[in-house]
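Think of it as A, B, C and D in the order they're written, each chain with its own count starting at 1.
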Amino acid sequence: MATRRFKATDPELDELYGRFADQGLQPLWELAGLLTAEPRVQAVPYRWSGRVLRELGTRAGELVPVDRGGDRRVLACANPGLGGAPYAVGTLWAAIQYLRGHEVAPAHRHTPAALRFVVEGEGVWTLVDGDPLHMGTGDLVLTPSWTFHEHHNPRDEPMIWVDVLDLPVVAALDAIFFEEGPTEEADTRTAVLSNSEARYGGGPGLVPSGAAPPVGRSPLLAYRWAETDRALAGLLEATGEGDAVLRYTDPVSGGDVMPTMRCEIARVLAGVATTPARQTGGRVLCVLHGHGEIRIGAERFEVEPGDLLAVPSWTPWSVHAEAEIDLFSTSDAPVLEALGLLRAETCG
Amino acid sequence: MATRRFKATDPELDELYGRFADQGLQPLWELAGLLTAEPRVQAVPYRWSGRVLRELGTRAGELVPVDRGGDRRVLACANPGLGGAPYAVGTLWAAIQYLRGHEVAPAHRHTPAALRFVVEGEGVWTLVDGDPLHMGTGDLVLTPSWTFHEHHNPRDEPMIWVDVLDLPVVAALDAIFFEEGPTEEADTRTAVLSNSEARYGGGPGLVPSGAAPPVGRSPLLAYRWAETDRALAGLLEATGEGDAVLRYTDPVSGGDVMPTMRCEIARVLAGVATTPARQTGGRVLCVLHGHGEIRIGAERFEVEPGDLLAVPSWTPWSVHAEAEIDLFSTSDAPVLEALGLLRAETCG
Amino acid sequence: MATRRFKATDPELDELYGRFADQGLQPLWELAGLLTAEPRVQAVPYRWSGRVLRELGTRAGELVPVDRGGDRRVLACANPGLGGAPYAVGTLWAAIQYLRGHEVAPAHRHTPAALRFVVEGEGVWTLVDGDPLHMGTGDLVLTPSWTFHEHHNPRDEPMIWVDVLDLPVVAALDAIFFEEGPTEEADTRTAVLSNSEARYGGGPGLVPSGAAPPVGRSPLLAYRWAETDRALAGLLEATGEGDAVLRYTDPVSGGDVMPTMRCEIARVLAGVATTPARQTGGRVLCVLHGHGEIRIGAERFEVEPGDLLAVPSWTPWSVHAEAEIDLFSTSDAPVLEALGLLRAETCG
Amino acid sequence: MATRRFKATDPELDELYGRFADQGLQPLWELAGLLTAEPRVQAVPYRWSGRVLRELGTRAGELVPVDRGGDRRVLACANPGLGGAPYAVGTLWAAIQYLRGHEVAPAHRHTPAALRFVVEGEGVWTLVDGDPLHMGTGDLVLTPSWTFHEHHNPRDEPMIWVDVLDLPVVAALDAIFFEEGPTEEADTRTAVLSNSEARYGGGPGLVPSGAAPPVGRSPLLAYRWAETDRALAGLLEATGEGDAVLRYTDPVSGGDVMPTMRCEIARVLAGVATTPARQTGGRVLCVLHGHGEIRIGAERFEVEPGDLLAVPSWTPWSVHAEAEIDLFSTSDAPVLEALGLLRAETCG
């Protein structure tokens, strides 16, 4: 029985503490740190260099076959504050995935939801429940909870991309399920336009009449850079401000793309510094374009494209753009919002 | 006192009927036709010819100034079954509006919501709460309930478009309010891109983060033909069927564009006939492209671009396309849905 | 063809008007009164005396069998402003129904939803989809849209109650359906506790786990006076104010009891006058207890139990209680709310 | 830097692993147990004896003042599978709290939400944001997230009750906030009826009209045994089955009482065995009345009133009643439901 054994100097109390331990009980008055004035966060502000990620991914591509172990050639970002857990922040997994030319990563599915974001490169196809989605620079591709997904690279060139998953949340809720795909052979189809985009990607506010898409997550599985870029430019023009933030949403319900992860992209014009802000829950940043400084808590990181950064819960962060920065961001805000636990404030 | 006076042959009963009338009462057992097995609809299937609408609009343009009477040069479609009421079906107003070159229609607002659909032409700007929206062929432009709206035509050429309003519903609910605009002068601004589109029109599923758009109606006020056309083509490709129907929706909530009107557009490929279907509530059709036959109840209408058609409640209708037809449609389905009164069925 | 024929003094214009009429068109600029600054309401403030309703109901009981005509011995309140329509206000039907001892009113169903409210008396059973609901003083009983309902009176004494229906709304939407019950024989079962109340009436916030009740309307079909009385007293005590208003709601969704009608009950303490207030949409009042004055627009009505009153749209009304008044109220507010058309204000 | 250091026999790979560790990266292919076919749950089926809890609570009452350490004399149930964490299952805190006669536990608030359930006894008042709620046998009392709460016992007799909190979930999301009450003095008011119950507890479906209660949690803070008992009896009568389960809900929205915890109570008639069922997420049971056997996974526990039991995620459980059992239950189902992760099945 692993229950902690507390000690008291008073012999009667010490005996009582012994009985507590025997019975699987712990006295609240001896438990420190349960209820703190503000979140006591283990994860620390951190940056994984895009240059290093690419270099080590490439090296792994040379040394490690894609079928070694877990079907995927993935390097997980392990926040140094989390005691060895392979998580970028307490609630989010972030990683890079590397696929060499003509490699395939066969189908499986799991309850943790995943998203892919491409900083540079193109040519790999991700099939989600059999629908082939091309991945290119600046694209966001979704693989919602319990959808089969597989990757294949019909080109000669390797490709690298970023994965973000809600795995820590699903694990904390004891709700991990996993299943291999129906066939061992990878499906290597390609398509000019995915079925998902053909149905739901025609334009803002245009959806198939009478369709009954899956509840709780977006039926649109890819958000293309050309449109994201245009939307960012439009929003900046409409507001006249120095930065703009878009949310990627389910075009049918208007909710977040998936029930556990909020995806956003910010554009910060050259010379602009955003107001520091913080919110409960974790966040992972991915620099798409530009360079400058990203401040997280007391840390200042010089950033360039491909960098991944960890923003721990309730830690102020801001962007100081030297050259115009495009910054992709994933947070667990939908989880905190659903549970009435989201607090957000600017720290100007 | 207008209460009806029923008559009975039995003198005692007749006397009682007299007392009913004196007291503002009516005996249910003398009231026929209140509760019918199926809707007893007054509106009839009908078609207003686009060619005639254009011709008479033009003639009105020559003879009637835009300020004569009610600020707008509008011809309302009056369904012959409705006893002289200027409504296309019992719940929808449909009309054409004609604006000559360099004319303006000054700002006002009203609780009935309106939409504009353009069959042919361009160049007029509709300002909705001051946001200038260009109107061109195939575009859908919204003027939601209680938004100020005004029109101006900076060109030399006249322009004609279709208006649909929920006026009969708002009138039946005794909820009509109307207000003149804040200034007598029309606002004749134009813009390359409306503020509404700059914020909400970048792409499917891309919305400003943290925005708090108006509840219950779309913040996106224009749906452009280029995207609608692309979305129709994509949906047809994805399904492989002979026709496709898109719904225009609020890109933030996923609901209908306005709480009282559902907007849809169908493309029916040449040679295809759709399955007859019916639903409770009224519908107005507007042919954008193509020609063929539209059947409504027992009527068959040869249609061409610009034709407006009335589909009464619970009346089966279908499209038989000779040349590929694009068909814009407005129904009161959101009203019936909200009240638990929507029934729909195919009549194949 | 019933389209109105407008006339103009200018011969060219008059000829154009003739062509409009031929083509089923009406010129907006000749249509007055479509868009008014405030609702132009046809219904007028009115009161039907409870004493008279009871007297004439009794007399109808003597002269008219329950099967004469429409299955029900019902006297409909016809607002004098509505040109002979049997409606209390533009959107609500109100009536009294009278059932003699040992009479039955056999089952039927219709899309218009109904409610029963009992001012005095007891002993009749209403079966809703076969579930026997006893009706007693102060009870509210629901017969939602498209539920079979029938009444039987196993006692010797007659009983009278109030019916309110959304019939005018359903008729305006061309969505009336009606069906006779599955059997000609009335079901004359009784029960100590209805199935509906056994499942959903145990207490506030207690619902069967995992149940899937019908969407959009309350699964609880009876609201008993004992609890309503206790709830009114509790609310008055909690607020310390001179009047209190409760809303009857769906205990599972929290919404209104039915999608088209909001039911409320007010208690106004002796000597208290409520602040005049108005809202869009119609309302029917029913005095349960007490006496005093109810002011509606410019009218003042001395009221006593059993009186029914019509509050037209956007008309201020208030209660001036001499003896403590309990006032049941039905409005079409859910309809206006769903459509974004509800405006409400106090007129103090 | 705490990132794990993996080892490989291949020197090149081993060097690469060293660089991974230097850069805060972990190779997915060396991580076992991340994605399992079914949840690999650490918590084990467990039972804390009500008799022992009462005995040790009483002993703590003798030895430990209420102000020692954390304001509260609380014994936390520590599941032996959780490595010393003071949680009953991975997502729920369960404990007993003991207050001697005339003791007070002063006000504080925290983001973790709490509920109290009373197996036996009465006389303590819990004030929630200043509203005094009496606690008696069979009552459920809520202290939602971030509401101030304090307890006082004006009697001579001690009282014991059960606390359940969502603390593990809030901690996993790094969203713990805590604040002492506004005054050091405890508020020792009592009241015949709490304000919360006076407003929202009058009867099922009766709520104050126009009230704007807090969003996302119940405004009704106490659910009384008399009504729960009546509702259980009614449901059993309505269904004719051998067991019945009620959900405690927000009477205004119909949702769960709080966004992180679902509260239910089951009655299992003597001699009845329920069908084994399981769902993702954890559950804590509390026996209120009766005795028999509760089976959780492979374990069988003879239970009596006051026993607390841990049902780990995805573990089948069932009740075998010798004498009629009333069983209160708290699960994290609203969390899993909101995130699309709730799976439930019977294991018959």
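Operating definition for what follows: a residue touches a chain if its C-beta (ideal position, glycine included) is under 8 Å from a C-beta of that chain, and two chains touch if they have at least 3 such contacts.
These figures come from a predicted structure and were not determined experimentally.
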Pair in C-D, A-B or B-C that repeats A-D, with over half of contact pairs matching by residue number: B-C
Averaged-CA centre spacing for the pair chain B and chain A, given as whole angstrom: 43
Cα-centroid distance, chain B relative to chain C, in whole angstrom: 30
Mean-CA-position distance for chain D and chain B (Å): 53
Interface hub residues of chain C, defined as touching at least two other chains: none
Category of the chain touch graph - line, ring, star, complete, other: ring
Contact set on chain B toward chain A in their complex: 193, 195, 197-210, 218, 220, 223-224, 227-228, 230-232, 234-235, 237-239, 244-254, 257, 264
Residue numbers on chain D that touch chain A, as the complex places them: 1-4, 10, 12-13, 16, 19-20, 23-31, 34-43, 46, 48-49, 52-53, 56, 59-60, 63-64, 68-70, 72-84, 86, 90-91, 95, 110-112, 145, 167-179, 216-217, 258-260, 280-282, 312-314, 332, 335-336, 338-341, 343
